[in-house]
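Each of the two complexes below includes subunit A, the first together with subunit B, the second together with subunit C.
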Partner chain A sequence: MEITTDTTTPAGGVPPAGGTRAKPVSPHRHISRLLILPGVLLLLLLVVFPVVMEIYVSLTTWTPTTGSPWYDAYQQWTWFDNYGGGLTSSSFLTAVVRTIVMTVAATGIEFALGFGLALLFLEKFLGRQVATVLFLIPMMIVPAVSGFVFFLLLQTTGPINTILSAILPGTVEARWLTDPTLTPISVVLVDIWQWTPLMFLILLAGLMAVPEDQIQAADILGASWAQKLRHVVLPIVKPIILIALIIRGMEAFKIFDAAWLLTQGGPGEASSTISVKLYREAFQNSQWSYVAALAIVVMIFVSVAASQAIKPLERRQEESA
Partner chain B sequence: MEQQANQHDEQPGGAPAGPRTTRRQAVAAGAAAGLGLAIAGPAAGGVTKSARRTRVGKAMGGPTGWAGSERYQYPEDSGPGRAVAAAKALKGANKPYQLVVGLWPGSIGNYSTPYPKGATPPAQLWQQLTGIKIKFVAIPNTTTYAKNIQRAATHDGSLNVVQLDMHSTGDLAEAGLLLDLSDYVAKHRPDWNDPKWGYLGGNTTTRMLNYYNGKPYAVASDGDYQIFVIRKDLWDNPKEQAAFKAKYGYALQPPKTWDQQADMAEFFHRPDQNLLGATDLRSPQWGWINFVHRYTSTGNPVAYYWDDNMKPLINGPGGVKALNHMIKTTAYGSKDALSWIWVEQYGNWGDGGAAMTIAFNNLTKFHKKGGPFDKSGFDVGSKTHAIPMPGWNVNGKLVRHTSLYFNASNGVNKFSPSKYHEAAYLFLQWVASGPIYTWLTANPGGYQDPCKVACLTDPLVRESYTPRTMDVLGMTIPGAAPSITALKGANEYINALDINLQKALSGQSSPKAALDAVAASWDRTTNKVGRAKQIAAWRAAKLGWPKVADSARGRV
Partner chain C sequence: MKALLTSLRVLLIAAVLCVFLFPVYWTVTMAFKPADEWTPTSGKTYWLPDHPTLDNFRRIFGGTPGGSDSFLVSTPINATDSIVTSLITSILGTLLALSVGTFAAYGISRYRAGGKMLGFSILQLRMFPPIAVIIPVLFLWTYLHLFDTHAGLILIYGAVTFPFVVWLMKSFFDEVPREISEAAIVDGCSQFGAFRKSVLPLVKGGLATTALFVFILNWSDFLIALVLSGNNVVTAPVFLSQITSAATGEEFGSRAALGVILITPPMLLSILIQKHLVRGLTFGAIKR
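== the complex of A and B ==
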């Protein structure tokens, strides 16, 4: 049985002008549409409906504590008040800026470490396979567990300060979990520890795909290590680097576990990320419509940022086409 | 009786797919046997004089068959007796086969563990007495509020009885999840205010724990009152006494005021000797209650959070004074004071690592020789001494208030089948009655803490919590000031306070600026909820506030 979804052929089967050959009209067009209908409906249910519902609720002051069902939220219609409230809330805007800074710092350091490690692991050495597995362990640990482990490690009298005291002059008593300046750094450190392996893994796969003959050609031409890296390796792995940065950047932007488990966003809001802020507003303050508005703002922001970040890849694809 | 993690496998109160009649018959037979035991029990086991007096001409209900069970028995015409009789009398469609009760995992043990050994567990006893089975569903306490809000949003009626913390009563009542229990309370007359079996503090406590906006929506199943404890061996040490007097000019006695507490915290703060001055908590979600003790005792008889028109009072001189004290004494605790939760606090106390602290009253239950926190063998239990919460001298008069937070309550889920609402309420009336509540509290297998008059004299409860702690609770609970509760948006008010206290404690803002921010945030919440509505709820909530400045006056 042939199934096609082609709709370019005009009725009657006459080929369009220009002489291109039309595909035959399927006698089972309706069946084919029926067959994909469940998938389309599922997509609508899973994606479109929640988004529409979220937009609807975000334009009201509805919360479950109003006692009315969500579909009656129109009775508390306030247009864009929640959006205005969010965009003028210093608490929210500070959380956005803080999250961007933490995301850039975490992703940047993870990239630097991951790329460095990947370059090291390109060379064969004794125990490379074992070391690779060991490096990957952090990202396999449940974030809740790693958060709790770092909660213990980062106590003022904990092992990290003890180690630092052993290698630095004087006694180190950094208050990693309670000093407003240090708490965002602690959260970023946990993220780096946990997710550098992912960056390493992606970049190692990219580097291993660099054609050996091009490296050899560069060798013959007398290129230095740095020149090979800059003119041969980087142009080839650039798409992989971009994908790795986008994936990690988007994940780091949503950072919640480490921030919540280490400090609950504190002290005060010193390490409160966007996700912590939204969680607090939704599940502690029950401000669901406000959170819906904030979530839409964040979604737009992330979508725009991701589309900008992906543009170099699209350009490259167009060039190669 | 069974514990189930999956709350959706059976309808609440609904019949199972199996042989309903057979099970009912079996339950009925069990109930008859149980009642027979209940009647025969006291005669066999020896009863107290008061029980004998009560029993004249009347059958007794409650646990039987073990020494001391008579203490938890009750006559028919009592809160628990009426609940059992009414539940038995439910007919046909209004009588559920089982009730589905959502509880914190740590609370289930109170109902399901045989205590003392060999006794029928309370939930099973209820089934024997009434023919109504109880099925428990474990709901993690960390997600209780979120789950309840989701339940309200989706009109989820899969639980007949929901558990909540006391701060959520207003939100969940407004969300429609909690049933207004007024009619059932009037009809079945629980013993909440009974001088012998009711809540410590009587009607004031009943109002604080169970009421929102003038109506009963919840039934307290906990007593999370905070106690102040000192290491008595330090206070009794003549060398310490002499050194303290030499330094501060007055005798080393258990602190009665917060100023004395600060002096003593400073005096005993010796981190080089693994001794911290004071370790009452400061961390997010756990520390704000320790501001409440300090704040509510800045006014005579008590300092309120708002005036009668919901104008915040917290940023006044009393609030600043309380917060300044909290900031000052933070220096005499752990360097990680802002991140310590009760786990670190209890562990440190078990090692004898602090001179004093403020904690849940179960601290003395858990810190016994050989107990879970006696890992170092220090036996802090024998040195721990509870005292009333310190206070402030207000115009020459000592004002002292303890407080409580979290504190589990249960409510009837309005979205569960309405024909079973009465049965669900009757179960709550029975388990929260003086005799049964005291029995449950004596059981060390759960979270439930004392809040009933009868708990004070019960030998099992006194043994579990220590006689001293029970005596102090008896003095202080009647004068306890509520934390922020019985208001819609209570959690939002608490969060604003919590976050800004953290900012002040970590030096991000001054005490006055932090409390001004709290007041501004509270005003926003009040306006959002509706000021007129909130004023009415607040005025009703004030019926649950203490009328005396110091309920322990003259007793310590």
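== the complex of A and C ==
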């Protein structure tokens, strides 16, 4: 991790928009370092040091159960065995694929629902303000509570099956929490319920920003509803859609709470996401050095993905600054 | 025709809203149901509590439920400590993230401190699955005797929400014209004085929003507290997940009651920051 201040850029940064006076550089550099110092220290203590430690432990076969402290782990040095084991472990690779599939499914469905809802909200109607506020509620529910309540709702004799039985022909007895093909869907369902509102709010903000006169111009040209959406609205909203997808995707990828509280990743490993897998290996199987290696692999993977994903976010902040 | 379309639209929105609010409705009603209405073993679903009761709330604060359902008297439950722990660690963690993050945000926004890399790496931290970062922290915490302590949780909450503060506050600082701090310096303020006296008052609203946001994030945490605390320092979400009863197996009603208590503060606070909610959840990328 890069923590040193970049000394090649002038610490005063870009000159003020309207200002012309030349500024002495040194006091700026001094104060800018002072301002970020506590933050850098916090990150050193809580990120850099643990990660270095994690890399060290990942090269050994150490676990706390061996009784020796972590710094003595070099006595059980194995080089890259844990990495080799992880990258050839079908259960880890399956968890990675499963997490990616769940992330894509959750993000995609949230986007479709959120976009549809945002279109419905675009024109004024009585109670729009109240309805918008009510839609915020799911995002504000503490995940421990949403995990618990979906555990109740998704019981085989629970209300969701009861409602489905009333709507659909026949009796629905879906085993949401024990059927290996249904459990990952249940976990995605909780994510969709909790985070579609965010997608909706972001997209609504984007759609409201589309200039009225451009829509009117398209109207005059006789554009249909679909044509307006495709050729006028979408090009303007595209950057915001991208941000919404990135933010939701990166959060969904971390999913743990719902998976753990609903099924503990089970049955077997049917709904184990990467986070659940790591948790189980560490706390149920005491495979600490193995988990350390997997965690490093995941972090490298996320870093590569993140370096691409962050660009639109950064651009957006700078543009609207 | 247009009126028909509008009413159809409103109807559709109302239907979707009902679906999305149903889990909340179920939590709240469950909290007031007596034990025999928790799980419909009889095949009957109680859409509303037939015999509403406050027993569940009494039970999570150490009381024993009265009435005919007193077969429930297994080990008493008391969630008070866990709620206090959640409050202490969330609030102090928020203050830590806020004080450290605000300075860093100002440095990055005003002086481009750390070049392009710093802001980037700070945001990247939010993208790592917490479990990948938390496990080495657990090694460190055990070593420093911070495992299962309030201080340990406060430090980690501060660190985990720090990127959030930096990016959100940066977006607020970016809106303050540079000329304002320059004018203060011309008037004889030091660089820091200009920050404190002329810039900070202008972002008061942003600061309050960020604080409430970070508090909600900390208050909602489950995984970190699950990993970094044992039996001494239990936060309310972890406590909630661990309530079980030797006599009846599952304590659905008591858990729902604690759930209602847990979801109330974020819901009330979110009304205060409703205007900035999207901005907060997109790290300042989308302003509204």
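Keep this in mind: the second predicted complex is superposed on the first by the 260 of 321 C-alpha atoms of A that agree within 3 Å, B and C clash if a C-alpha of one lies under 4 Å from a C-alpha of the other, contacts with A are read in each partner's own complex, and residues count from 1 in each chain.
The criterion applied here is as follows: a residue touches a chain if its C-beta (ideal position, glycine included) is under 8 Å from a C-beta of that chain, and two chains touch if they have at least 3 such contacts.
Keep in mind it's a predicted model, so treat the numbers as computed, not measured.
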Touched partner set for A:Ile220, first subunit B, second subunit C, both or neither: neither
Touched partner set for A:Pro69, first subunit B, second subunit C, both or neither: both
Touched partner set for A:Leu46, first subunit B, second subunit C, both or neither: second
Partner chain in contact with A:Ala144 - subunit B first, subunit C second, else both or neither: second
First, second, both or neither for A:Thr157, with subunit B first and subunit C second: both
First, second, both or neither for A:Ile167, with subunit B first and subunit C second: neither
First (subunit B), second (subunit C), both or neither touched by A:Glu54: second
Per-residue contact with subunit A, leading partner among subunit C and subunit B: C
First, second, both or neither for A:Val133, with subunit B first and subunit C second: second
Contacts on subunit A seen with subunit B and repeated with subunit C across the two complexes: 64, 69-70, 155, 157, 283, 288
Residue numbers on subunit C that touch subunit A, as the complex places them: 6, 9-10, 12-14, 16-17, 20-24, 26-27, 30, 39-41, 43, 45, 47, 99-101, 103-104, 106-108, 110-133, 135-137, 139-140, 142-143, 155-156, 158-159, 162, 166-167, 170-171, 174-175, 178-179, 182, 191-192, 216, 219-220, 222-223, 227, 236-238, 240-241, 252, 255-256, 259, 262-263, 266-267, 270-271, 274, 277-278, 281-288
For the subunit A and subunit C complex, residues of the former touching the latter: 1-3, 5-6, 8-9, 11-14, 16-19, 27-29, 31-36, 38-40, 42-43, 45-47, 49-51, 53-54, 57, 64, 69-70, 117, 120-121, 123, 125-127, 131, 133-150, 152-153, 155, 157-159, 162, 193, 196-198, 201-202, 205-206, 240, 243-244, 247, 250, 253-254, 256-257, 260-261, 274-275, 278-279, 282-283, 288, 291-292, 295-296, 298-299, 302-303, 305-307, 309-310, 313-314, 316-317, 320-321
Contact set on subunit A toward subunit B in their complex: 61, 64-67, 69-70, 151, 155-157, 173, 175, 177-180, 263-270, 280, 283-288
Residues of subunit B that touch subunit A when the two form their complex: 145-146, 149-150, 152-153, 155, 171-172, 174-176, 283-285, 334-339, 488-489, 491-492, 495, 499-500, 502-503, 505-509, 528
